[in-house]
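Multiple structures follow.
Two complexes, one shared chain (chain A), two partners (chain B, chain C).
Take a look at the complex of A and B:
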């Protein structure tokens, strides 16, 4: 795919974008058809959902909830990225430590972490810290795993040259280790971003009185599909755009490496 | 067992022992966390009582159904994308960001669509698992070396023979990876759904015990669930590694 896009002529790239737009249009069409099939009480039409979303975005109460989610997500993302990077470098630099902890992390990655939410709630209480903990818990593991692999895979020759050139440890980190690991680490950041968002929202669904996740659960309990779909639309748009940007950056970094 | 394996075992045993001591000495609030020995006792007593067997089986059934449907749909989707390069190119940006969307937000919608029964759970499991299966199937088909197809043609295999004797065996390890991810994702989604809104099942019972401050049951169920999922995942990963090693050795 990467090779395709890079080598393709501008017109071919343009056609691919057009195809994607067509596909999105087809999906919206399918949504409309499904709306006709099951009725507006179960699934609002795309138009109704968009209208509702515009209303929501203008509502100051919604803005407060969105800001709360953004704040929790921001902190959780910071913990996932920085904490994951630190732990990953540590586990990558020391072979045996990495071998000991890697399978444990992979297992932790695969279990439904939602099961642990009562423990998180009991430890952190209802509030923003529980959401942050939940988001970070989801997002940190891929960052650790990707960073660890990246540090392990640094070509030994690079480190030897750094030593031969008498680089200080700081210069080695900045000029050798960072550029060598950046593409992999960034992929970890990208996946960590998605999972942190998921974790934060799930945390809000159970452990909160505010935020977008809370609004979703609230709408579900009050049987308001229009709000559910409007919020889903907002989140899908946000996640898709953010992830496409990160993916484009990721590919550029990999291509440069 | 390797040296790292022994150390890992030691670390796990030490962590459990430390938790046990910390709980017994009340360094950790006993309302929040109970000692591991009491978690184990709780797990054993609820297994022995049989009170929760129905819920556990129900969850496993839902996961199995979601997995089966995701497997079939995902495989078909992977083949379709492989056969239609133009569709594939168009869908690529959407597929790449699929797991960035918290699919889980559709669960409330499925409840409205299907009603409060098992089908919203199965549907959310399928939604979460199917794309991983499709992407890995696609990856598998793309990784079949061109030389294998040429050999098949030289040997005069019919398209059907080529599919079953060459293509499918060659991409089996990747398809297996997809199936493994589908199992894991189906588990995650079904149990998350049971937590949010359901009337029965593993996740529901944990949430119920939590709301009633019934710590031995809650931690017992939690330990049991993590053990089941961990064991399934560990078995599938070991099997997967063997498949990949064998196909690399050929």
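Take a look at the complex of A and C:
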């Protein structure tokens, strides 16, 4: 915490940006070298992949597929975050319920969820619902676990202090419980975000006719490495930017809420 | 200043502690606290029956063996816990399930809100009461300067030492201008030197605010140094077995520990407590 406060000066921020730029440059360099080593048929060069990505982005068909993925991901994320928050608060506040469900959730978190996909397809059919359900299944568990832990870890003395400072139950929830749990809950949201994206894309890769996941599988079947790498680049860029924003927000929340 | 008497025989458990002359701020009558049993565990009587009267502006300390119900006494007094029987009054009004206006509590554990700066922590109670920001600023400035935290106004609790965090909690209570200040072993986790200095600050605070102070502590020297009167509690269920009037002048500080009378007060407290502490050890060992 102290280190973060001290590093908030402009020069430190500039250095952090420089570090990021250097890391990206090193990764692109390594990619280029690997391209030279294995050839364009296995791994297209960064330039070729970028060109292909620009073409893809201008393609209306691609836009329709991206919109489908965005819709499925958006709904799955909402379910993960809101559902996970509600369940987490319930399991955290009620000790016995939490003790009963925690091992089940941890087990579910650990098993490869792709093995459950046939069940999901049977339940939800081949449309967008199955993708949403599969995305939410991936994302909701970390949100539940983080929220549950956050609620359980509220210091009893904070709740006692709220009473000693004459706070009403509503004011205690808003001004003590919420800020005390927010950083942990938000960390759950951040991990839930990444896993929901993973789940949604995997859902699209199997038994789907639309979406970025479907485009990826289609390109694999037609042996179009430039499209595969261009899509991977797009997904990596999206996930990295979103994750960095959430991480920055996460760090801020740990100071002030 | 009247020197305290030499150690005298322990009073019968259940000694009523009356405040003597002066207006009564707090009155406990026949208070008990019994924790209900669960499963195979029988109910536990943690407290009483006990009677206690505190005069307005008095500094009263409570010492007792571990687990004798000191903190339970404070919870009951503060309205954080309901007595099983008996009555609790603050300024003539009964204390029920809520902390009365005019009562401030500082706990043993670090209760600072880690997501707020020192300044926002100190202002917390006032903001919730809807006090105008200008008045909040004035009162918070005064409180954090008084507790020696002015240079750390924008720091977060994680950047402070344990003693500073405890001073912050005192400041947070102080801004509400409590007429009764309940301190539950606030220096329990601090080293001896810091505790002596914190004692000086609490004495200064007590003199400036004119508040009635009840300090729960396990440190005999702390009780002897700070209080006008020290109530000695028995092993569980906690009852007063003696009340020692220290006889210190109102203008005092930690240098009082060098006086020969200080040794006499501490010795009397210990002579009362020794048997009770052994009793408490044998039941918890």
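To be clear about the criterion, the second predicted complex is superposed on the first by the 233 of 257 C-alpha atoms of A that agree within 3 Å, B and C clash if a C-alpha of one lies under 4 Å from a C-alpha of the other, contacts with A are read in each partner's own complex, and residues count from 1 in each chain.
Following the convention adopted for this analysis, a contact is a pair of C-beta atoms (placed from the backbone, for glycine too) under 8 Å apart; a residue touches a chain by one contact, two chains touch by 3 or more.
In this text the structure is predicted, and so the values were computed from the model without any measurement.
Undergrad: First (chain B), second (chain C), both or neither: which does A:232 touch?
TA: first
Undergrad: Who touches more of chain A, chain B or chain C?
TA: In the superposed model, B touches more residues of chain A.
Undergrad: Counting only touches as set out at the top, which of chain B and chain C does A:202 meet: first, second, both, neither?
TA: first
Undergrad: Applying the touch criterion given at the start, work out whether A:115 contacts chain B, chain C, both or neither, answering first, second, both or neither.
TA: In the superposition, A:115 contacts chain B only.
Undergrad: What is the contact status of A:107 with respect to chain B (first) and chain C (second): first, second, both, or neither?
TA: first
Undergrad: Contacts for A:163 in the overlay, against chain B (first) and chain C (second): which applies, first, second, both or neither?
TA: Second partner only.
Undergrad: Do chain B and chain C touch any of the same residues on chain A, and if so, which?
TA: 1
Undergrad: Which bits of chain B are touching chain A when the two form their complex?
TA: On the chain B side, the touching residues are 2-4, 7-8, 11-12, 29, 31-33, 86-87, 89-94, 96-97, 99-102, 104-106, 108-109, 111-113, 184, 187-188, 191-192, 195-197, 203, 206-207, 210, 218, 222, 225-226, 229-230, 233-234, 237.
Undergrad: Show me the residue ranges of chain A that touch chain B in the complex, using the header's touch definition.
TA: Against chain B, the touching part of chain A is residues 1, 4, 16, 19-20, 22-24, 38, 41-43, 96, 99-101, 103-104, 106-107, 110-112, 114-119, 121-123, 191, 193-194, 197-198, 201-202, 205-206, 216-217, 219-220, 223, 225, 228-229, 231-232, 235-236, 239-240, 242-244, 247.
Undergrad: Given the complex with chain A, which residues does chain C contribute to the contact?
TA: Per the touch definition, chain C meets chain A at residues 78, 80, 98-99, 101, 103-105, 107, 109-111, 113-117, 124-125, 128-129, 156, 158-159, 169, 172-173, 176.
Undergrad: Going by the contact rule at the top, pick out the chain A residues touching chain C in the complex.
TA: 1-2, 5, 155, 157-158, 160-161, 163-167, 171, 175-176, 179-180, 182-183, 254-257
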